[in-house]
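Both complexes below contain chain A, partnered by chain B and then by chain C.
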Partner chain A sequence: MLLRYRGGEGMIAWAFHRISGVAIWAFVLLHVVDIYLVGGNPELYDEVLKVYASFPGRILEVLLGAALLYHALNGLRIIIMDFWPPLTRYHRALWYGCWAIFIAVGLPVAYEIMAPVYGWPEFFR
Partner chain B sequence: MQVDLRVLRYDPERDSKPYWAEYLVESGPMERVLDLLHRVKWEQDGTLTFRRSCAHGVCGSDAMLINGRNRLACKIRVDQLGRRISVAPLPGLPVVKDLVVDMEDFFAKYRSVRPYLVNEAPLPARERLQSPQARARYDDTTKCILCAACTTSCPSFWAQKSYVGPAAIVNAHRFVFDSRDEAAQERLEILADKDGVWRCRTVFNCTDACPRGINITQAILEVSAAIVERRI
Partner chain C sequence: MMRYSRSGRPKPPGGGRETAVWYLMRLSGLALFVLALAHYLILHFVFDPADQDVDFITNERWNQLFWRAFDWTLLMMVLFHGFMGVRTIITDYAHRPRVRVASLTALYLLGALLFVLGTNVVMTLPMPGAP
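Presenting the complex of A and B:
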């Protein structure tokens, strides 16, 4: 039914929230494992860090940043409506506002993560 | 013009699973999906089964999944949908036959919130007076026609059938915020349950599906806030 029902912006916002939430949870599991390696197997930890710094690793890092940013912004949107229910009338506008902030914050972050791969100048290091 | 009408049909006594039946129906752009269903039933296949009563958006009998969204067949017109129209029963409820679903569980949840005025005080000589402002507090939720379009559009309900659902919460809201009612606390206790308001995920499908334009999500959040405020 989830794929058959043609919901509006609210349903898409909720679906992205769920998907990004699961992605963040998967990263947290991975993070627990790699932090464990610092003490458990330092050589393997260095290898894992190399994977993170590689091109595919950085793409995943950009996706992680996107998931975190979206989940945080949409979470704030939901919290705002929880506290002020009349704002539910503007839930679409709030969602588009989330996307505006997502792009404004996300693009520079994605640039910064990918810059070393392409030899672009880095502004925040 | 000719409309390609697809109907998800299922007769539990004959069919092993639901199937899409296709009908070519002559229609004008201002005709409604209910008119098309009537034309199929009266002119092509008399076995097609669906509910309808007033046919003017008041009784709420003919809520269906039309082109992927819950709507009333008597309110949605062909020009709003195009020449290819699909009609299926309301999602998440057991199908009795074709477009008819079993609403018993839906109405049981509705009844569970005591959707009527509770006031044990002696009857006044004429009426229980209420200011226009107090009446306006719950005006939006008086419009519910119990069509079930909201509850059956809710992903939380699809996943957890024990969820009381938006329609029951809307009807609780109608009395919780009625200044003449005395059972608000009791209704809030019922809705504070794990299958009450907390299952709402602010998806807005219910609000989008409501044929009466009720801001259902706002009503649910107001009931949630009332539960929290009374507990602090």
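Presenting the complex of A and C:
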């Protein structure tokens, strides 16, 4: 769909915004319940935490951060264009700007999250 | 001139409730840009989640009123923004009236449940450092 329908960057930005939004929403459902367990069932919470801290858990953690960062940056792009409509002319440049910040901020964060699994040095903790 | 964005929802005209929701989505989005990114960076980048057991939350993180208030504000913003966002998606795809009403009812009930669970644990978890 994304490749055949010739909507260009604006359409992909829109599709990614929806997909990342739903993913974050689904994690919020899980996260409110797991934090509720801290008071309701502390032993079970510590068990859930071990899953989060495992290798697959950390992969999902990085993906969550990626969804969050993309949604935040593209959301700012939407707000900029909504309130300063002439800037809509530059919607492509703004989108590529989002990706530049996404890479610059996201890579060090992803590195730090995965570092304990591989025994890599942690630079920020 | 293009009147709306290349990925956001066009502003509903009329100045009624739907227009207010459109503005509030952007306002809560701005708040979440700060609150959600700070929350993620502190608890996944500065600290390792592996260390965040019940002891860490009770005796350190939520032993300070500031971070409880911070997390509760984040919860309120994310519940509004997330559930209103999913509501937009449901109204985009669920056209049959009964399906739409049933989906939206389930969505609002789920939102109310999360409000109760989240608020309950923020307010009632014992605080060793409280005066």
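We adopt the following convention: the second predicted complex is superposed on the first by the 121 of 125 C-alpha atoms of A that agree within 3 Å, B and C clash if a C-alpha of one lies under 4 Å from a C-alpha of the other, contacts with A are read in each partner's own complex, and residues count from 1 in each chain.
Please note the rule applied: a residue touches a chain if its C-beta (ideal position, glycine included) is under 8 Å from a C-beta of that chain, and two chains touch if they have at least 3 such contacts.
Note that this is a predicted model, so its numbers are computed, not measured.
Undergrad: Who contacts more of chain A, chain B or chain C?
TA: Chain A has more residues touched by C than by the other partner.
Undergrad: Mind working out whether A:5 is in touch with chain B, chain C, both or neither, as first, second, both or neither?
TA: Touch status of A:5: first partner only.
Undergrad: For A:86 in the superposed arrangement: first (chain B), second (chain C), both or neither?
TA: Both partners, chain B and chain C.
Undergrad: For A:69 in the superposed arrangement: first (chain B), second (chain C), both or neither?
TA: The second partner, chain C, only.
Undergrad: A:49 contacts which: chain B (first), chain C (second), both, neither?
TA: So A:49 only meets chain C here.
Undergrad: When the two structures are overlaid on chain A, which partner does A:40 contact: first (chain B), second (chain C), both, or neither?
TA: So A:40 only meets chain C here.
Undergrad: Quick check for you: in the superposed arrangement, does A:21 touch first (chain B), second (chain C), both or neither?
TA: second
Undergrad: Taking the two structures together, which residues of chain A meet both chain B and chain C?
TA: Common to the two interfaces on chain A: residues 9-11, 14, 78, 81-82, 85-86, 88-89, 91.
Undergrad: So in the complex, which bits of chain A are touching chain C?
TA: 9-11, 13-14, 17-18, 21-22, 24-25, 28-29, 32-33, 35-36, 38-40, 42, 45-46, 49, 52-53, 61, 64-65, 68-69, 72, 74-79, 81-82, 85-86, 88-89, 91, 109, 112-113, 116, 124-125
Undergrad: With touch defined as at the start, can you tell me which chain C residues reach chain A in the complex?
TA: For this pair, the touching residues of chain C are 1-8, 11, 26, 29-30, 32-33, 36-37, 40-41, 44-50, 52-54, 57-58, 75, 78-79, 82-83, 85-86, 89, 110, 114, 117-118, 120-121, 124-125.
Undergrad: Name, in rising order, each residue of chain B that touches chain A in their complex.
TA: Interface residues on chain B, with respect to chain A: 65, 67-69, 91-92, 153, 155, 158, 201-205, 207-208, 215, 217-218, 221-222, 224-225.
Undergrad: Sort out for me which residues of chain A touch chain B in the complex.
TA: Within the complex, chain A contacts chain B at residues 1-2, 4-11, 14, 78, 81-82, 85-86, 88-89, 91.
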